[in-house]
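Take a look at the structure below.
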Amino acid sequence: MIKKIFLTIALGLIFVGGLGVVSTMAETTTPATQVIAQAQASVQTTAPAATKAPESAKASVDDISIKTGIVSIAAHTGVAGFLAKDGWKSLFMISIGFILLYLGVVKDFEPMLLVPIGFGTILVNVPFAGMGEAPHGLLYMIFEHGIRNELLPLIVFIGIGALSDFGPLLANPRMAILGAAAQFGVFGTLLGVMALNLLPGFAYTLKEACAIAVIGGADGPTSIYVASLFAPHLLGSIAVAAYSYMALVPLIQPPIMRALTTEAERKIKMKQVRPVHPMEKTLFPLFVVLLCALILPSALPLMGSFAFGNFVKESGCLDRLSKTMQNELMNLATIFLGLGVGMQMSADKFMSLETMGILFLGLVAFSLGTAGGVLFAKAMNVVWPKNPINPLIGSAGVSAFPMAARVSNKLGLEADPHNFLLMHALGANVAGQIGSVVAAGVILAIFGY
Amino acid sequence: MIKKIFLTIALGLIFVGGLGVVSTMAETTTPATQVIAQAQASVQTTAPAATKAPESAKASVDDISIKTGIVSIAAHTGVAGFLAKDGWKSLFMISIGFILLYLGVVKDFEPMLLVPIGFGTILVNVPFAGMGEAPHGLLYMIFEHGIRNELLPLIVFIGIGALSDFGPLLANPRMAILGAAAQFGVFGTLLGVMALNLLPGFAYTLKEACAIAVIGGADGPTSIYVASLFAPHLLGSIAVAAYSYMALVPLIQPPIMRALTTEAERKIKMKQVRPVHPMEKTLFPLFVVLLCALILPSALPLMGSFAFGNFVKESGCLDRLSKTMQNELMNLATIFLGLGVGMQMSADKFMSLETMGILFLGLVAFSLGTAGGVLFAKAMNVVWPKNPINPLIGSAGVSAFPMAARVSNKLGLEADPHNFLLMHALGANVAGQIGSVVAAGVILAIFGY
Amino acid sequence: MIKKIFLTIALGLIFVGGLGVVSTMAETTTPATQVIAQAQASVQTTAPAATKAPESAKASVDDISIKTGIVSIAAHTGVAGFLAKDGWKSLFMISIGFILLYLGVVKDFEPMLLVPIGFGTILVNVPFAGMGEAPHGLLYMIFEHGIRNELLPLIVFIGIGALSDFGPLLANPRMAILGAAAQFGVFGTLLGVMALNLLPGFAYTLKEACAIAVIGGADGPTSIYVASLFAPHLLGSIAVAAYSYMALVPLIQPPIMRALTTEAERKIKMKQVRPVHPMEKTLFPLFVVLLCALILPSALPLMGSFAFGNFVKESGCLDRLSKTMQNELMNLATIFLGLGVGMQMSADKFMSLETMGILFLGLVAFSLGTAGGVLFAKAMNVVWPKNPINPLIGSAGVSAFPMAARVSNKLGLEADPHNFLLMHALGANVAGQIGSVVAAGVILAIFGY
Amino acid sequence: MTWMDNFMQATVIMCLGMGLVFLFVASLVVLIQISARVLSKYIEEAAVAAAAPSAASGGNQGAIVAAIAAAMKQHSSK
Amino acid sequence: MTWMDNFMQATVIMCLGMGLVFLFVASLVVLIQISARVLSKYIEEAAVAAAAPSAASGGNQGAIVAAIAAAMKQHSSK
Amino acid sequence: MTWMDNFMQATVIMCLGMGLVFLFVASLVVLIQISARVLSKYIEEAAVAAAAPSAASGGNQGAIVAAIAAAMKQHSSK
């Protein structure tokens, strides 16, 4: 029922938007909107939809009468804004915002991110509200001081680090290789973008292609980080695609996994994991930093933040800081990160063929990552036939923690109700998190960042 | 007893301040302060009270001797600053700060805000401490990066949204009209300001008048938001008036309510409220945003922040974010908002007839809002005689949540010990919160913001 | 065991660093590093170690082939950076970072600060990672917007205020004098710096000397505050020295205390402390602010922040704000303060004779403070022989709360197992906290801040 | 600008302001009532559930009762 | 730059990228295994301790069992 | 500026500094004692209350005792 209301609002808005298109196309003004239109004459209807009143309006308070007051206020209502030229685009974007709220709350698609992004999308697209405008619009400030400088993605990474447990990976280090193989989701997509460029209307640059490909890493903050450096104008679409497909992992992965494996492979049981000493967990983030410093410094901002959070958690003597990172720091950064991403969801940036392409390519990226992980597991079984890997675990290498690991476990139980793959899959899962940061780092390194 | 000590400090400071006035008026220096005065000769006693040492002092450390050292330090003590020209004003403002602390802690006047404001007032007025000075004074930084850009009021609004429960309003939607009627506290005060301008010495501009009038909305962050845009120099007085009178609601409202109602009216029982579905609560903030976008985009920064917090709370799947908004985000923003407002409590801004006028007009605003709500409820009873409203509920429309609703309930119980008005009054109360944001939005819209 | 691994990493890095020195000294390139060296030719090996790739690299993505790609990535690995000229210095600093983590986690040296500082040290020194670079390096942003403007030390001070309990001092006000006497650790060290300047290679300026001397206050944020104003290039060494020696108080103080006291003195029992009314605790921070405003405004930023936190705690009606200050505000500020300090731990600032001098002078400062407190207590016993003070308490005046007070109690119990000095020592301890802020304020005042 | 001008403008702002506030709030009431009607079937169920003795679903009916009880207690203890 | 150029570059990036990702992860696995060997004595002790019925030390063995149990429960309840 | 100049200045700073620190702390002690005298009546009441066996008011007397006890325990367990 709530679904119906949500969708009614969204569709209603799209409908009114459609009316707006018709009316602007016909370039006619109905008598009912005559007064508004007159007022709009002074409001320069050609200005982009989401603009404040012009400066002139601010100065001329000398002569407010009831009539001019009503006219002036009416001219700056959202209704007037939506009926102005290009106003229907704002309305369309607002309905996108409502759809994101619907997906987050009703469909439970990563609501922590999609709700703030959806609200940001609504707020930034209201004409005359100026919430995305320099210098003091709330969303503008959040974007400018939190995202353009890559601050919030890094802070979210500190929080993710403090929430991550690398125990399953340490218990089963071989699984890490699957987290690398799944990065084919990133790099294969790069070729996919080039293929799409063959279609008329698509012409992504190499940098844009890379920003899109990182969606295949199945890691929201990494996608936002790379996009804010390589293609800020695509940030909104990329973030929405990344978080949406992460939530859709339980739908996207199973058919691919079933198609690429045999019943016998799905029944493979894996040997027990080894015990892990707490000291290993403490040292692990230091190894990651060290390795990153030695061979891939471009990934260090992301990986170092991640390792910092994880080390504070695993050090065992910094509970105060660790809890603050896991809760307050993480939640505050998430709220503002979402609102700031919403800022990039304006009509002129989102309503383009490019966005359609990104939504398609994001699906390709997740599929390639899943396939890459599964097929590489199968290849490993060919090369090292004793002690085989259940290829269902391969798909968990895309990260999308912990959904992908649960999917692996679920399909394993379907094949054999006594085969628990969860711990092994979680190992591949957290390795995938590191893998996608490495993949992003390689891309940054190649472009000299 | 603690009261005596507090007041002794404050009065003592005012007394010393008075001495300072006398001494500066007489332009004489007593022998005891001779050394200090000599030193002050180089410190330009004409400079504003709260200034740091001049640059020259920083450079000339070449030749510190015990004597010059003592003289230099003595010249930069607060004592020397207070005895300098206009120094008594700083002392007076510091005693105002102590009075605010006293009101907050001992009298329990909104201590969450008055204690930070009071401390800010004390700190910013200490001569030579430079806490309000660009670029690195703590209070300057808080004001510049938190209040001048309207950031903190909006963040506080997110927190208030996450703390608000619109259940009582949804259970009884008719009450919302009373929340509109009470906004006469805002707009009636506008005429009051104009009337006060007839007195010699008062000459508020229209923008200043509007900023003052918003005190009648009985909503602190809204007052601060509008004042920071329309009259930053009055921000301190307006914020202090708004929060003080909110705390004084249990004293201000009852006499007005009794005067405007008959015993019979106060005994009116109201019918039971209807049950509310959780879904309605989830949709309500979206309706508010939608309506605000359609007819009053100028109110969107405030209303959108408010609705964002409320939606996160009522979505039911974002407890992590909701708790962070209610606690950490709200408390951190409150601490800094208070300190930043204190920054505007400097002698030159506060010690003027304008401040007296604001304190008086604030009282007028609260009274007009109370009267407006009560009288409108009576008018509704005339127009729709069946199913009448107890006019005591009208006063809750000023917001000042939840004090005003408690006052309504209390007076209802006095008239009839079995008549519980609380739920109905809370409905008017939260409607008043929305009403005051709308009122502020209209004012912003008229001036083209 | 974990100790061995930590030290192995650190020593290993120092060893590789040493190899780097040799190789750069010999100016020869081994065949194995030939490709890297070729690439480095275009990377200007003379640039400072921690620099990003030159702009030219960003532009020339036109012609990536597998070969040039590998060469380019290899040229920007940390390995290449460490092997470049001055690269061994970065490696040395990274090993210092690991040593700080080791001291924090394994040796429990103030891990709340040393772990973030250590991580900051590691991250800022990785070549080509750019984490300390303007405008968007994470550590650069934290330092620039959190430490250079003195914001974070002041916010930490609010938190410390909200965590402090002045009950023991109020119960025993005479102890406060010992908190003053121990500030000889600050001012005596000033002469120590001058003495050290007589050695060749040392030439601290007066401002640098003052920044170093404040280490003797045994108060981290005060040290950082003064250093950020007087000698930002020494900030890293000063912060590390201050926090390390605070953690070492249980090792540094006892020998000095034993050497300066007789067995009879250590057995002195002190009379019971007086009861304290909660009201006194509420008024105390106001007295501190008042006194600071009257006689030492330069100390007000620190002292006012401290008193604000303490007043909110002791007001008894602001639990919400008080808890936020004690937890979220404090922890968030601590995390960023530590990372920001790490930013100043770059090779060119840290690897100098000056740092060695600071580490030595910090030890001198703590020793002088301890001795000052003990000897002054003995002097007080000579002047006022009845009601004597146990001189072991004097050492607690250095602050280093609460370690120094525990040391006093422990040595007292060694001399007489029934002699509990803890409450008295805590009084001197919190007085020492105020004393060191006053000492810092005097220094700021003399230099005209 | 004379005082009279200012006063007239203030009056205009008052009229516009009160009008728009009422318009806004009235629209909101209409929206609330429409959504309540649309959701009425569910609301009745919720009411029935709340009326049931178990009240395990923690609906806001219970909250209302609790709020009233708390308010009464607070009042009587003053 | 023609499409073919771009495509070639994308291929190059893919090869470099997959290579470096594998190199990184493989190095990490080696580091993990070295540290596991160095710490093996302690790990065995931990394993013994975890195998003991008391399991008071709260080692992560217990956590693994709990995680599996939780996962099973979650799965079956879906 | 010669070394001697610097040394003299450092000496001056030391004298001024120690003097001002003592002045500040001494003033603070005086203020504490004045306020204690003013509040003495209340303090005695508090002391009496704290001496009473119930000690329900949670005065800081109890806290002091607790602190000492805690300190003793900590010491003995080391």
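Descriptive notes on the structure:
Letters A, B, C, D, E and F mark the chains as written, and numbering starts fresh at 1 in each.
As a convention for this text, a residue touches a chain if its C-beta (ideal position, glycine included) is under 8 Å from a C-beta of that chain, and two chains touch if they have at least 3 such contacts.
Note that the coordinates shown come from a computational prediction; the quantities given were computed from them, not determined experimentally.
Touching chain B and chain C at once are the following chains: A, F. Steps from chain D to chain F, taking the shortest chain of touch contacts, total 2. A repeat of the C-F interface exists among A-E, A-D or C-E. It is A-E, with more than half of its contact pairs matching by residue number. Comparing chain pairs C-F and A-D by the number of C-beta pairs in contact, the larger count belongs to C-F.
If you average the Cα atoms of chain A and of chain C, the two centres end up 39 Å apart.
Between the CA-based centres of chain B and chain E the separation comes to 54 Å, rounded to the whole angstrom. One simple way to say how far apart two chains are is to compare their mean CA positions; for chain B and chain D this gives 24 Å.
Within chain C, residues 1, 5, 61, 64, 69, 73, 206, 279, 283, 290, 292, 295-296, 328, 442, 446 each touch two or more of the remaining chains.
Among the residues of chain E, those touching two or more other chains are numbered 9, 13, 16, 20, 35, 39, 42.
Pairs of chains that satisfy the touch definition comprise A-B, A-C, A-D, A-E, B-C, B-D, B-F, C-E, C-F. Taken together, the chain F residues at the contact with chain C in this complex read 3, 6-7, 9-11, 13-14, 16-18, 20-29, 31-33, 35-36, 39, 42-43, 46-47, 50, 59-61, 63-64, 67-68, 71-72, 74-75.
By the touch criterion given at the top, residues 1, 5, 61-62, 64-66, 69-70, 73 of chain B touch chain F in their complex.
Of all residues in chain A, those touching chain C in their complex are 149-151, 154, 158, 206, 279, 282-283, 286, 289-290, 292-298, 300-301, 304-305, 307-308, 311-312, 315-318, 320-321, 323-325, 328-329, 442, 445-449.
Within the complex formed with chain D, the chain B residues making contact are 167-171, 173-174, 176-177, 179-181, 183-184, 186-188, 190-191, 193-194, 197-198, 206, 209-210, 273-281, 283-284, 287-288, 290-292, 295-296, 406, 409-410, 413, 420, 422-423, 426, 431, 434-435, 438-439, 442-443, 446.
Those residues of chain C whose C-beta lies close enough to touch chain A in the complex are 1-2, 5, 9, 52-55, 57-59, 61, 64, 69, 72-73, 76-79, 81-82, 94, 98, 101, 104-105, 108, 111-112, 115-116, 119, 122-123, 126-131, 135-138, 141, 327-328, 331-332, 334-335, 339.
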